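Heads up, the next two complexes both have chain A, just with different partners, chain B and then chain C.
On to the complex of A and B.
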C-alpha cells in the first residue's frame, strides 16, 4: 500500500509526462479545430537559400475561410498575396508572426511572395495557393493567355528589344533635349492640335512616346521639340488616380527598386549582381523609346536572359498597367517622379 | 592548507534542516522542473520553428541558462542538480519510488562503470560536442528538444545499467561545468566534524538506511573537501544518524585551494569552458557574420573548419598557451616542481575568470533577448494562444546602456580574483613571496590578455 505522498507524486508524474502532452496536443489538434471553423496554415519564411516558404504550396477550397500564419525564421521578410487580393502583411521580423484570415471566392491560382529584399535570391521566394472548386474539384481553371502578350507575339514584336520606335517613319536616333515635364505639358497641350490617336489609350499603349512626339510634330510643325516632349509626357501619364499611383509607387519600391533603383536609375543595390544591368527608367531617351504594352509584357512575363522575374502571377493586368503608368513618371523631371502628378 | 571561516546555516533543529531532510523536498522540485522540461520538449517538437517564439528555446537557453550561470552556480553551486529533472526518471526507476525509501538494493543491472571513465573526460568531450553544434541546438526548437530528450534517454539507460547517478557524475555535459564552477560558490555541504565520521563505522551516508539512500553521487561526505562532485541531493543529511552534515557559508572560491584533489581532466574542463566562452562571444556577439554562418552550417566545409577550429582552440591552443606560461614561471623561479603539477594547479585560476566570462557573455544575450520570455509565457507554442495576456508584448532589450558597464565590471572582478587565485596557488608551490609572485606573473599576463580579448569583443 503506497503512502499518500508517494501516491500523490506518482499521480503528478503521470499527469506531467502523459497528461500534459495529451491535454495540450489534444486541445490544439483535435478540440480546437472542432471549435474553430477556420483552418490555420502555419507557413515559415526563410531566405530562398534556406528553403523559402514552408510549405511552398497548398490547396484550399473556394469558399473556405482560411487563416495563414507567417513566421520569419531568419531575416526580415515581407509577405503579400496576389494577384488582385490587395493583401500586404508588411514586414515580419525574425521570430515574429503575422497572420491573415481570408476566403477565396473562386477557383484559381494565387501567389504569396516576399516583398522585402531578403537575400540575393529574394525574387525566388514565392509560394502557391491552389484554390479548387469544392463542387467540381477536378475542374481547375486553365492558365489564361494574356491577350496583350498574345497580340504582341502575333504582331511579331520582340518584347526583349531595347527600342520599339522603328515602326514609324522617324529619326530613331533623335535625342530628347532634357527631362520632359508633364506639368508643363499640361499647359502646353491646350495650345496644340492633339490628333485622335494620341487621345486613344489603346494607341498610346501600343506606341512609344517618341512615336507620339513624331505624330504630334506632323500636326504642330512650329512647336519646339521640348514642348512636344512635355505634351506627350502629359498625355502618357494623365490617366490614373493619385491613390493608385501611391499604391503602385509602394509596389515599385518593394519589388522593383532593389534592381532598377528607387528613382529608376538602374542603380539599385542589387544592380551589380544581376546578369544584365537593369534598365534605367529615369533615362527618358530609353523609356520614350519603349511601348507601354511591351513594358506590360516584360513585367508580367519576366525578362528573357536577365534576372527580371515574372510578376504576372503576383499582380493583376490592371495593376500591371498601373505599374507601367508609374514607370513613365520616373523619366520626368525630378519633382514629378514619385507621385506621378501630371 | 589555509583554513577559511565557515558559517553553519543550520542550527539543529531549524526549518531549513527540516525541509532539507524531508523526503518530499527534492522530488517536489524535480516534478516542478519536469513539468517545464516536458513543456520544453513538447514546444520544441510541436511548436513554432521560430526560436524566439518557442518556449523550448526561450526558457531553456535564455531563462534557464541565465538563472543557472548568473545566479545558481555562482551563489548556490550545484543547486540546479538538486532540481534537475533529467536524472529523475532513471533514479525513480532504480529506487522503485519517488518519495518513499524503498527497502533493498537499487534495481539496476549492477554493471561496473569503467574505471578509466570515472573522471570528467566524457563530460569534457560531451560539452565540446554540444558546443560544436550549439549554433543549431540553441536556435532550432526541434533539434533542441531532441537533445533534451536524448539526455533523458541516456540518463535512464545508464540508470538501468549502473547503480546511482553515473550520468550526472561522469556523463552530463552540463553537470561537468556546474561542478567546476561550483567551487566558486559560497555555499557548501560538509560534515560538521570529520572525527565523528571517522569513528562511525556504519557509514549510513554511503550505504543508506531506512531514512534515505546511500549517496547517489558516490561521494563519501566525510572526505568531502570541494563542491565539485556533491549534487546537493541531501540524502546524506537524511541518513546521517549523527546529524553531522550541514550546509555552510564560506568565502567565494574556497575550493580552488584544495591542492590534493586537482586533476588534469578538471584542468581541461577549465580550459574548455573558457575557450568556449571566447568562441561563443565571437560567434554569437561578434561582428563577423561569416563565422556565425560557418557555425550555422551554411556549408559542410565551412562548418567542418569551424568544428575543427573549435576543438583545436579548446584542446590545444588554450592549454598550449597555458603550458607555455606555467613553463615560463617555472623557468623564472627555477622551481623544483614538476611542470605537469604546475600546469594542472594553475589551471584553476581560469575557474573565476571563466565563470566571470560566462556571466558577462550571458548578460549580453539575456539583456537583449530576455523580453522574449514575456510573450512566450503566454504563447509557448507560437500557436496564437494568449494565456496571460502578454503574447503580443514587444521585444524590448533591457537596459542596453548598462550592459557594457556590467560586463566590464564582472570581467574585471573575474580577472582580479583569478590573479589572486594564481598568487595563492603559487604560494602553495613556493613558500617565498618573491618566488610565488614571479611564478604567477606570466599567468597573470595571460589572464589579462584573455580578459582584454573579452573586453575587445564586447566593447570593440
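On to the complex of A and C.
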C-alpha cells in the first residue's frame, strides 16, 4: 500500500512525462488543424542533392484553401508556383519562412520550383501539386499536346537544328555585319514596302528573321542590308507591353542567365559545366536563323541531353511567347535589350 | 669625448646632403589626388575573388558584384556597406574609401557550411608620406649631431 505523498508524486510524474508532450503534440497536430479551416503544408527546401523539396508532391482538393509554408535548410532558395498562377515568393534564406495561401479552382497539375540558382542540380528542384476534384473525378485534364510543338512535328521541323533558314542560299554573315537596331528599324520601316506576311504574327513566328530579311529584300530591292536587318528587328520585337517585358526580363535573369548569361552572351557562370555549350542569344547570326516557334518548343520541351531543362510545366504558353519575344531583343544593340523598341 | 663617437665631418655632410635630396625627390603618394577603381568581385562557395585588394585613402571604388553558385551577400566592415547578390543578377556598388585601414568584407547571406569563413580584405592605404617623413627625421637627426659636434669643439 502506497503512502499518500508517494502516490501524489507518482501521479505528478506520470502527468509531466506523458501528459505534457501529449498536450503539446495534441494541440499542434490534432486541435490546431481542426480549429484552422485552412490546411497548412510545411515544405522544407534543400539543394536537390540533399533532397530538394520535402514533400516534393502532394494532392489537394479543388476549391480547398491551402497554406504553403516554405523554409530553407541550407542555402538561399527561391519558390515560384506555376503555370499561370503568377506566384513568386522570392528568395528564401536559410531559416526564414515564406508562406502563401491559395485556392486551386480547377483540377490539374501544378509545379512549384526553385527560381534561385542553388546548386549544379538546381533545375531538378521541382515539386508537384496535384489538384483533384472529387465531385468530378473525370475532370482531371489529360496531358495536353502543345499545338505549336505538334505543328512543328507535323511539318517535320527539327527543333534541335542549329539553323532554320531552310533552302535559302544566303551569306548570313554579310546580311548582319553587326547587331541590328530595332530603334533605327522603326524609322526605316516607314519608308519600306512591308509585305502582309511580315505584318502577320503567325508568319513571323514560323519563319526566321533571316527569311524575313530575304522577303523584305524582294519587295525593296534598293534598300541596304543593314536597313533591312534593322527593319526586320523592329518588326520582330514590336509586340509586347513594357510591363510584360520587365516581368520577362526578371524571369530570364532568375531562370536562364546562369547558363545563357545575363546579357545572353552564352557565358553564364554555369556555362562551362553544361553538357553542351549554351547558345548565345547575343549573336544575331545565330538568333536570326531561328524560328520563334522553334525557340518556343525548345523552352517548353527542354534541350534533351544538353542540360537545358524543360519549362513547359512551369510557365504558360503566353509566358513562353513573351520569353521568346524577349530573346530577340538580346541580339539587338546593347541599349535596346530590355526596352525592345525603345 | 663626444667627438670620438661621431663619424668624420665630411661623412656627416655627405649623408646630410643625400637625405636632403631624398626629401626633395621622394614623391608624395601618387593618389593624393583620388583615383577611381573599378573591379569585378566574384563570390562563390566559399571565397571572394579577389580575396584582397588595395586602394588609397580618398579613392572612389566601384565594385561589380557577381555570385557564381548560390545567393551571397557582400558586407564591408567599417563602411557598413551591404549588398545581396543573386546568381545571374550582378549588382554594382560604389563608395569613397575615406577611412584608412584594413577592412574585412564578408558574406552576408548564409551560403553553406563554411559561410562564416567566407571573408576577404580591403586595404585602404593611408596617404601619410611615410618615407619622406623618415628622411626628414634623418635630416634632423644628423643636423642635431652636427650641432652637438660643434658644441663639443667649442668647449
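Assume the second predicted complex is superposed on the first by the 311 of 342 C-alpha atoms of A that agree within 3 Å, B and C clash if a C-alpha of one lies under 4 Å from a C-alpha of the other, contacts with A are read in each partner's own complex, and residues count from 1 in each chain.
Keep this in mind: a contact is a pair of C-beta atoms (placed from the backbone, for glycine too) under 8 Å apart; a residue touches a chain by one contact, two chains touch by 3 or more.
Keep in mind that what you see is a predicted model, and the values were worked out from it rather than measured.
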| item | value |
| --- | --- |
| Contacts of A:24 with chain B and chain C, given as first, second, both or neither | first |
| Which superposed partner A:119 touches (first chain B, second chain C, both, neither) | second |
| Partner chain(s) touched by A:69 [first = chain B, second = chain C, both, neither] | first |
| First (chain B), second (chain C), both or neither touched by A:95 | both |
| Chain B versus chain C as contact partner of A:13, first or second or both or neither | first |
| Contacts of A:44 with chain B and chain C, given as first, second, both or neither | first |
| Which superposed partner A:328 touches (first chain B, second chain C, both, neither) | neither |
| Partner touching more residues of chain A, whether chain B or chain C | B |
| Interface residues of chain A shared between complexes with chain B and chain C | 93-95 |
| Partner chain A, residues of chain B touching it in the complex | 23-24, 27-28, 31, 34-35, 38-39, 42, 46, 48-53, 92, 97-100, 372, 381-384, 395 |
| Chain B contact footprint on chain A (complex, rising order) | 2-3, 5-6, 9-10, 12-13, 16-17, 20-21, 24-25, 28, 40, 42, 44, 69, 71-73, 93-97, 99 |
| Contacting residues of chain C [partner chain A, same complex] | 66, 68-71, 86-90, 109-112 |
| Residue numbers on chain A that touch chain C, as the complex places them | 74-76, 91, 93-95, 116-119, 253-254, 256-258, 262, 268-269 |
